[in-house]
Amino acid sequence: MTTAPNMQSMSLSLPHKWMERYGKVRNQTLRLVETLAPDDQMVQSMPEASPTKWHIAHTTWFFETFILKPYMRDYIPFDARFTGLFNSYYKRLGDHPDRTIRSTFSRPTLDQIFLYRNYVDKDIRNLLDHDASPRILQLLELGLNHEQQHQELIITDIKHAFWTNPLRPGYQPNQIRSVEWGAPSLTWHCFNEGVYEVGHDMGGFAFDNELPRHLTYIQPFSMASRLVTNKEYLTFMADGGYTRPELWLSDAWDHVCAHSWTAPLYWEQAGDEWTQFTCRGTLPLNLSEPVCHVSFYEADAFARWAGARLPTEFEWEVAADSIGISGNFLEDENYHPRPAGTQAGLQQIFGDTWEWTASPYSAYPGYCVPEGIEGEYNGKFMCNQMVLRGGSCITPVSHMRKSYRNYFPPHMRWQFSGIRLAHDGRFHVGADS
Amino acid sequence: MTTAPNMQSMSLSLPHKWMERYGKVRNQTLRLVETLAPDDQMVQSMPEASPTKWHIAHTTWFFETFILKPYMRDYIPFDARFTGLFNSYYKRLGDHPDRTIRSTFSRPTLDQIFLYRNYVDKDIRNLLDHDASPRILQLLELGLNHEQQHQELIITDIKHAFWTNPLRPGYQPNQIRSVEWGAPSLTWHCFNEGVYEVGHDMGGFAFDNELPRHLTYIQPFSMASRLVTNKEYLTFMADGGYTRPELWLSDAWDHVCAHSWTAPLYWEQAGDEWTQFTCRGTLPLNLSEPVCHVSFYEADAFARWAGARLPTEFEWEVAADSIGISGNFLEDENYHPRPAGTQAGLQQIFGDTWEWTASPYSAYPGYCVPEGIEGEYNGKFMCNQMVLRGGSCITPVSHMRKSYRNYFPPHMRWQFSGIRLAHDGRFHVGADS
Amino acid sequence: MTTAPNMQSMSLSLPHKWMERYGKVRNQTLRLVETLAPDDQMVQSMPEASPTKWHIAHTTWFFETFILKPYMRDYIPFDARFTGLFNSYYKRLGDHPDRTIRSTFSRPTLDQIFLYRNYVDKDIRNLLDHDASPRILQLLELGLNHEQQHQELIITDIKHAFWTNPLRPGYQPNQIRSVEWGAPSLTWHCFNEGVYEVGHDMGGFAFDNELPRHLTYIQPFSMASRLVTNKEYLTFMADGGYTRPELWLSDAWDHVCAHSWTAPLYWEQAGDEWTQFTCRGTLPLNLSEPVCHVSFYEADAFARWAGARLPTEFEWEVAADSIGISGNFLEDENYHPRPAGTQAGLQQIFGDTWEWTASPYSAYPGYCVPEGIEGEYNGKFMCNQMVLRGGSCITPVSHMRKSYRNYFPPHMRWQFSGIRLAHDGRFHVGADS
Amino acid sequence: MTTAPNMQSMSLSLPHKWMERYGKVRNQTLRLVETLAPDDQMVQSMPEASPTKWHIAHTTWFFETFILKPYMRDYIPFDARFTGLFNSYYKRLGDHPDRTIRSTFSRPTLDQIFLYRNYVDKDIRNLLDHDASPRILQLLELGLNHEQQHQELIITDIKHAFWTNPLRPGYQPNQIRSVEWGAPSLTWHCFNEGVYEVGHDMGGFAFDNELPRHLTYIQPFSMASRLVTNKEYLTFMADGGYTRPELWLSDAWDHVCAHSWTAPLYWEQAGDEWTQFTCRGTLPLNLSEPVCHVSFYEADAFARWAGARLPTEFEWEVAADSIGISGNFLEDENYHPRPAGTQAGLQQIFGDTWEWTASPYSAYPGYCVPEGIEGEYNGKFMCNQMVLRGGSCITPVSHMRKSYRNYFPPHMRWQFSGIRLAHDGRFHVGADS
């Protein structure tokens, strides 16, 4: 279990502190890919995923494009053609390749991309040595958070890539798993009605979409003590979960039928047993673990079946308010959620799996799109997506905040996304896992 | 201009009052289709639209299926096969045809559908004469509101059908339009921060999605005095509105490119002039009229271009609180929005065009899906749609409420949907139309 | 059973003979649609099919566009907009509507289309009275043959339309069927190797694609005495016909899988029994009848399973050479194939079902595309289609010729298409049906 | 220019001769990929293309699956899972991956695939040393011809892969091209009517689809002396070739419109000049070279525009009868077609570009699908494809025969396919290039 460093109190105003943090985040990316062959790093198994190699190049491109080009005097680009090639979606920078063709970027080769990475790292260090203006440090922090987001995507995307390969290789085949324990009973934690303050409190870094901090009115609600387990999800399935339209949203049911969904992503039935594809390859399904790789559609249907609902993002934020950011994160190198512990209080709020909320991803009251290129970072995606909260077992712990808003379309499930239940009012009935 | 009858005070507990209302709503449907040939009533010009004839049958089916079959002793169905045939999407009733094949329902013929309609009407009257239980009256009221929704769809769908026909016939070709006037300058109306009560207040009918009435916290905001005009929208277009990705949400921009949008639906450029296809056929674009048949995507992009934003549905509801339900509605038989008047105060809040809000369509806190078949009416669509408020020139006035929530996917624009701007805080700068 | 009139010897040079024939063909179209409601005539149940009403208008459009407009002095078009509206695919005439939107042509209404029809008929008669030039007569004959092709399509398209309607109405519900008999054993007829002459012999009308008559070399072959029966096809199905990829062409197998084909079009299994949707509604499958509504893919797979093959179009033409054009045609008003008779010799060569051949639809050596508008009639479709021969139970008998080449893409099966087997060399083993 | 070895007379019955040939072909494959990075070998830029790496594995798989497994006693497979993984489309071997996911086969890595290759090579040599039965030699020869086909596909597919990469790298960037010369005037060579013998003459290897040799009747025709040049094709384009529907087959025109074709594949306009992407990168268009990378649709439209037509495959075979197999082939390492020479007689019959014929790909009279696994090699593709003849600049010369039939769907153009014109009858008018 990993606990977040106290970022707010860490003085990052000193350049050498920034350099240390830059090195740490950049190295973390390299560690994640060290077991991958050049072949692996070329795979794009669906349009929403990207090749590992592209992630390595694009995160480097971010520093080059947002910092070195505008702010470093006499900067000579590593290769001028990369500005367009590795642009993901920043329209202000001009045309960019359709995201579906990233798997054709065999050139530059992986070796050249590592040279590109070193080249940019060297100049970033030079720049920090000589000109660490607040604007540059602001962009540097954005770039490091950007890279941490792509660290998570490197894992989600390679997991999907390996799943698509009929041989089903594991990302970390030799990892030994810790002994498992049973999940504790689910209990409910009640919260009072009233006006609450939500959003980022302006200490330390936050994305623009977490701002401004503002008041909101919340009705009384109860929050489940832990994530929904595989065992509970199997009960839903055994009760006809995937065959009863009355449990599903209309769009959800259409999607279930069109894609013949009968279980979460990465699950397969072998005789009477279920297996689950993980970063360690295909394993028997562990009943105590939180269900993972479900879409919003499935999370919502499960909650309806369970006589409950999903929490809103503000209910989640209120519930998380008194809880320290600690849990099963990327640094634990499990790359897989773990069963809840037996402590009192809310469990698994942070780490393990992202938690789908009932909240569509929208702007906060008074939200302003940032000036400049980073204006395309978050705001333009505020449509047709649902908010997820709390981070997962592949999120870097230093990337997490209580006000952090992740978002994905309601049908996607290749992220490490799971389910926490909520209830209107003060709910006391326990459920046994 | 039509003003809503005071529904709440009208005593509908007396059966003859109900019969009167039933007859009035049912006749209104017939009046809307009296100029249409049997051929016209077969057209389904896109999957989201339905043939007129299907609307006539389905609204009748609603009364038969929800009232006569469960509640009338010894009811003999007109044709047992219609239960499946005219089911729109009620999964609890069993399989139903895919909505895309409604244009193949040549049998029953239109004549037979009118016989079906008379048959059901007669038995509904019989039932009301002998057994007007509260549950039956509740379902009857739901059925009448359901029929009014389909009255609106009859117009939107036949307008699109005639537009798709290369001959572009008009729905009401002989209607003479009133003389037009210029739209007044746009001004801003300010509202204070605080906790507000929103949702239906339980007097009279409401759909389940307007409930429960609840408290919400609203930040200070300003609301535009009238709808955005065609003239203002042309300025947006002339300023490159449809060619500048920075004005659009990401999904919106992809949609604009994929569908080569360059103007609202039904607009066509003829030399220097723009025309607009209306229920009276193709007419020159009237600059003073509110822009209509825009998607949420376009409404949102226009607002961003204008330095403003769309109101949330609760801001809209707060702003509408003190305004009477009166405006250009279906009963005015304009079938087209009209320019704003010169009165002080907020104009065009009701009627003319539905107003896209910034609010995704979600459940209110404490929302309960109704028991029984009507549970599939609203709740299951709470995903991937945006809320519209205020009704349009083809909404029956007696169907409108301040708490009424209409909803459509953000890319759709065949409804009579327009734009009202809003602003954070107290905004005073006027814009000249 | 209908026998073709001796067209070649009938003197059509006299105008009154032409007028008689014109009236006869035009009336036949009207007879085919007299039981259809205006609603029925609007249905387009798939892109390849057209509404009945469109067929009525388009065949009239053909005479107006190809004859009246270019050759009648002072001809006043019925409605100038129809030139574009009812153009099927003649690019030389300018833009035409996409074929998928024909179901939106509610205007002109059916009544107006009948007025259009009468209007054109009157002027055609006037023209024939005063100016029956050879060119006009040539175009008239083409127009009549064109109309006969659309008579066949009227039946195939309305049959598919009624099939798509969940109520499954019959086109001729009150027709009584003749008593059925068992199909005779299948025998083989042998033909010698050598140089044969094929193609139209220039007596009477032919389409350009039947020309020029030319020499071809044919290896020895045998031809089955009758069409494959439903009973034989069921044996193929029971033997895993639709589940064994080795029986199918590669494209065919992909199509079978993608569309989940398990039986011919219009077949449905009800318990142990099979039914077949016909022009008389849904009937039990008659085992003695020829299998119908199979694609080329299915015909080819069946032949491979049977240890045989399909004949080439020239083998078929050679086999048909000594046989009179007589059989179960449109005029018999069966609208359905019938079992083979017990006569000696080749049975069912003409009528009953079109026979898929092994021949891709290509130009004959020396083929010339006709000058003028009729140049778009046949030649431009010579790709990705297979030739069918012999006519069907819904082909007008006077439309048939031994050299007649029908053609459809290999996956289509809404035409009345069946299977005749052939063999290399002199084949003598009989098969029992 | 490369001339084919006299395969027929080469005694391949001696095992060491077979081993020599095996080594030669297998080494040729390795030579073709030696400049490619592991990244390059992962790219699959469209469903019809395959990653280089897959070609290397699949050709090895062919020898293992067709020879070692059935015929080598105690053969231990390199990896049992490869049987399914590298199966292209042999249904008899069981399920195989959908061809669209070959780009996800990052494991086995390229290194492992080379080990697999060596492993199989070693056992093939062992087998030949001890058991060179006729059946094994027959399959070995099939496997070598199969590998040569994939050598050609390695080039076509990597060329397309590099084209899809926005950086447009060259396959052989450092190659220097020979000086170019003008193409000679086009003349016509006449052939007499009569019965000809076509198909393979049974000396040496041939695919089953070249058999049986048989008689066919051919009408008098003329054949163009050389391939159509880029200059001639530009004239077609300048004359509105891509905008005049009357020049195109119906399916062709639909395809042109749907894909916005305005030039051959790999052509781009830069100002007034055209460039062409080649294996050496992007180069100015050489007007004397044969036009290449055109579809059948384009070849057919060009021929119609030119007042000519494409030859049938038998006309081509008759014309090629007296010509030696010699030309610009793979071994010349041009990887690009070259202008015709100035010799008398038919030029460029072999090599340079495959020549689209007017012949749909069908079975020869008396064609028998081979017994065993190789039965799926050719026969099941005999639908919806057109025959190409003569080989291209990337075909190994020892792979070519006069009776060789290549085939592709009419819209595909990533192969090195060009145009030779033909004419009915004895045609004498020359055209100047």
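First chain written, first letter: the chains are A, B, C and D, and each begins at residue 1.
One rule holds in what follows: a contact is a pair of C-beta atoms (placed from the backbone, for glycine too) under 8 Å apart; a residue touches a chain by one contact, two chains touch by 3 or more.
These are the chains along with the protein names UniProt gives them: A, B, C, D = Ergothioneine biosynthesis protein EgtB.
The shown structure was predicted, so the numbers you read here are calculated from the model rather than taken from an experiment.
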Given chain A and chain D, the chains that contact each of them: none
Farthest chain relative to chain D (centres taken as mean CA coordinates): B
Residue-number overlap at the chain C/chain D interface, same or different (half cut): same
Repeat of interface A-D, chosen from A-B, C-D or B-C - more than half of residue-number contact pairs shared: B-C
Whole-Å gap separating chain A and chain C, where each centre is the average of the chain's CA atoms: 59
Centroid spacing, where centroids are CA-atom means, of chain A and chain B in whole angstrom: 38
Per-residue multi-chain contacts in chain C, two or more chains: none
Chain contact topology (line, ring, star, complete or other): ring
Chain C residues touching chain D - in the complex, by the definition given at the top: 89, 91-92, 195, 214-219, 245-246, 248-253, 296-297, 300, 309, 358-360, 362-363, 365-366, 375-376, 380-384, 410, 424-425
Of chain B, residues touching chain C in the complex: 37-45, 53, 81, 84-85, 97, 101, 103-110, 161-162, 164-167, 169
